Amino acid sequence: MSDRVAQAREDLAKANRILAHEEVIDAFGHVSMRHPMHPDRYLISRHRACELVQPEDILELTLDSVPVTATTHRLYGELVIHGCIYQARADVHAICHHHSSSVLPFCVTDVPFQPIFHLGATCGPMVPMWDSREEFGDTALVVTQPAEGQSLARALGPNWMVLMRRHGATVVGQSIQDLLFRTIFTSRNAELQGRACVMGDVAPLNDVETQKCFTFHQGPRPLERAWEYWSMRLQKTEALHALAMRALTTR
Amino acid sequence: MSDRVAQAREDLAKANRILAHEEVIDAFGHVSMRHPMHPDRYLISRHRACELVQPEDILELTLDSVPVTATTHRLYGELVIHGCIYQARADVHAICHHHSSSVLPFCVTDVPFQPIFHLGATCGPMVPMWDSREEFGDTALVVTQPAEGQSLARALGPNWMVLMRRHGATVVGQSIQDLLFRTIFTSRNAELQGRACVMGDVAPLNDVETQKCFTFHQGPRPLERAWEYWSMRLQKTEALHALAMRALTTR
Amino acid sequence: MSDRVAQAREDLAKANRILAHEEVIDAFGHVSMRHPMHPDRYLISRHRACELVQPEDILELTLDSVPVTATTHRLYGELVIHGCIYQARADVHAICHHHSSSVLPFCVTDVPFQPIFHLGATCGPMVPMWDSREEFGDTALVVTQPAEGQSLARALGPNWMVLMRRHGATVVGQSIQDLLFRTIFTSRNAELQGRACVMGDVAPLNDVETQKCFTFHQGPRPLERAWEYWSMRLQKTEALHALAMRALTTR
Amino acid sequence: MSDRVAQAREDLAKANRILAHEEVIDAFGHVSMRHPMHPDRYLISRHRACELVQPEDILELTLDSVPVTATTHRLYGELVIHGCIYQARADVHAICHHHSSSVLPFCVTDVPFQPIFHLGATCGPMVPMWDSREEFGDTALVVTQPAEGQSLARALGPNWMVLMRRHGATVVGQSIQDLLFRTIFTSRNAELQGRACVMGDVAPLNDVETQKCFTFHQGPRPLERAWEYWSMRLQKTEALHALAMRALTTR
């Protein structure tokens, strides 16, 4: 395995665990990354909870969501979310699908998700809503068919986040760091907007402010600072668990 | 003790501690499992908080909630919840009674509990409400008499979750894994619906979607993934506590 | 020191730390116990946060809140809350004053605190409100003068919990275990009622139910189960911290 | 380095980590202290998350926010918040800029921040609102230009806390302990007021009460008790992490 791929697998596994550690993702949800050398492939964990994902769990898939190498591992049921978006958006290099507590209320009410502070503007100028019912009728809501993944990708369009009615959200990024930043701070924005909108009328950022904040927070300064912070927090927790698990097996 | 019973006691004790660890249950509440070889018996912990339950705390009771072997241990006061439901529902193999923070508001208001995302549909097509006042007048609300347990079982009917006015909820499953999944994700659904309904009108899953999601999430894929996740989380915390307690006693 | 006093100091110190561990109390708030052998004295920590209180921090005071033995330690500013209630209520053996996040909203709105589930009925049939402004005008709200402590004790009357406008709550018990149970579950009730009342009209327990639940939960069964649970939780956390602090000093 | 400066760097680094540990600050936000011997300088960390700040990260800047000694470290983008306030307010010796979850809703609605309990009165008699749009139009909201910092300082005026529309808050103190106390308890007040105001009309402290509470809580008693409490809590967590990280590197 090349160094770049090894690094990508490590970064992707860590991003999985950071999103669990920062409480955006629980037992379900998944995170992927476009292959660093083969843009017609993507990397994603085998079927397991993000908190548990290690580099050795990462598989390589074509954009049709077929494993490059045959595997006996179980795969996520909603791979088409990733494959179809990578096909539609050459500028997207990382994708996260989640059902965070803060975002879900916006998927079942008519309250529009809006950036209400600078960091929330990482959602981008528009956050479209996708309702599986419109095209596919009454389903189990999970996105398992290519036609469903393509429909979701169309709904996302040129944007960076799409809400999914009665289901959750899918967020995309130009890099794994960019994705992490957007996923965490849009969840935080949802939390804040949710609190605020029951207190009174909410005055969000306007379009120019949103665009300026969006651009500002794609620079290396915010991304690197946040990545260091989330990485260190994760490392502290994991070091503790590693210590305990080792003690457990050697007593 | 047969291997199957030993395994059942271990799984049940672990399910107790997982429900505490995932913050569905605190000092009160209880979890039981139908005996794996004698369907006319069930397993449940002696009277203690779920977080503390170990395999050696598990007792064997008849469906009349009488210990199969005489015991000096204190028993839960609300055993009839378990015994009466196992008598009424041959398809039920595990039961949890709890007072989680997210579900309680639905027990004291007229807001109907509704599945608002795919994982919440594990509640099943209908969640009935039981009010002890209707049949038994003003009581201490705890369900201690066979007549009360039978009334609750009738209210549950063929469903998978019953709310109890001014008290909490009782959830049932086809297996301990199925029960855990339903208990945790219905609590999460309640949390989300509670947040959403103060923000605006909530558009829940319709009946067909609910049924499809319900079926989907009873497959081995979701159940095993979630069971692994909750088990690993619990193990990490418990390994840490074990390490500390050992150090405490050997210093 | 007699064994009974040593045990009382240990129990009281532990109750302090449990109330911090269960997140009812933060930097401020205090807990006391009537002296087990001299009913005209009470035990309370020197001036420090409950989370930090150890048996050796416990002082002995007369019911006029004067230290039995001269001390150079700083004392809490609001000792009269404790002294005046012990003077007025021979049946009270433990007192907690706190500003928990769940109870505070009831101190600044007109929403009446009401038991909404069986465990919340530990508040007793009535929870009066005390407003320092009525008798003492505009103050710094802290209860530091005997006249203020006596006024608060009068407001409490024969009840078990009194809310203090723009300030917090004072809870009393027949024993330290009874106090802990009431303090934690009334805070939990406040949390639940707060969530519920923004969702819709709340239908609380009626007077007969409240009385029956109140009586039920003063028996040894609930008190001992909860005391074991909170003690074990605290012990696990403290064992971990002890291990770490020891490692810190010996590296 | 003089002892006083070494102590200041240690206190400031600890204050950074306490504000992260008590969940007021996450990846962003920053804390500074006026130089203890050169009032025309201030101390602040290099560009990194507060949770990670150590004494060796602390830099020395002039009140024009220029490093006293040239440095290759990245600097915070919003240094002018600190420099401009120290220039305008000789009585201010410590400053915190944050985006806490509890305060943000007050920055995007018209609900006025008001002290609702004694500890919340540390905000002082008035909490002004600053809107960057009024003077600077549509920006990325971050305060990076001297003119913006000066405008913010003018909005703060003689007060102790200023809200920043669609952005966050800036809090100032007479000492690092005073700042910590105000920052944490005004965040807590915001949390409580936020909960209360959706339950019903909120009756806050009046002006005389606010002033009396404000004065009371600037005495050494509350400040030292809280400082000990937050320091011990931080130390317990950090000792644990230190133990784990050491084990990680020596296995």
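Assorted remarks:
In order of appearance the chains are A, B, C and D, and numbering begins at 1 in each one.
The definition used in the following text is that a residue touches a chain if its C-beta (ideal position, glycine included) is under 8 Å from a C-beta of that chain, and two chains touch if they have at least 3 such contacts.
Since the structure is predicted, the reported quantities are computational estimates derived from the model, not experimental observations.
Using the mean of the Cα atoms as each chain's centre, the chain most removed from subunit C is A.
Superposition of subunit C on subunit D using C-alpha atoms only gives a rotation of 90 degrees, nearest 5. Because subunit A and subunit B carry the same sequence, their contact can be compared by residue number, and under half of the numbers here are used by both.
Here the spacing of subunit B and subunit C, counted between their Cα centres, is 31 Å. Per-chain Cα centroids separate subunit A from subunit C by 44 Å. Shared interface positions of subunit C, defined as residues touching 2 or more other chains, are 198, 240, 243.
Under the contact rule defined at the top, the touching pairs of chains are A-B, A-D, B-C, C-D. If you check the complex, the residues on subunit C that touch subunit D are 26-28, 47-49, 51-52, 74, 77, 99, 101, 104-105, 107-111, 133, 138-142, 165-168, 194, 197-198, 240-241, 243-245, 247-248, 251.
Looking at the complex, you find that subunit A touches subunit D at residues 116-119, 188, 191-193, 195-196, 198-206, 208-209, 212-213, 215-216, 221-222, 225-226, 228-230, 232-233, 235-236, 239-240, 242-243, 246.
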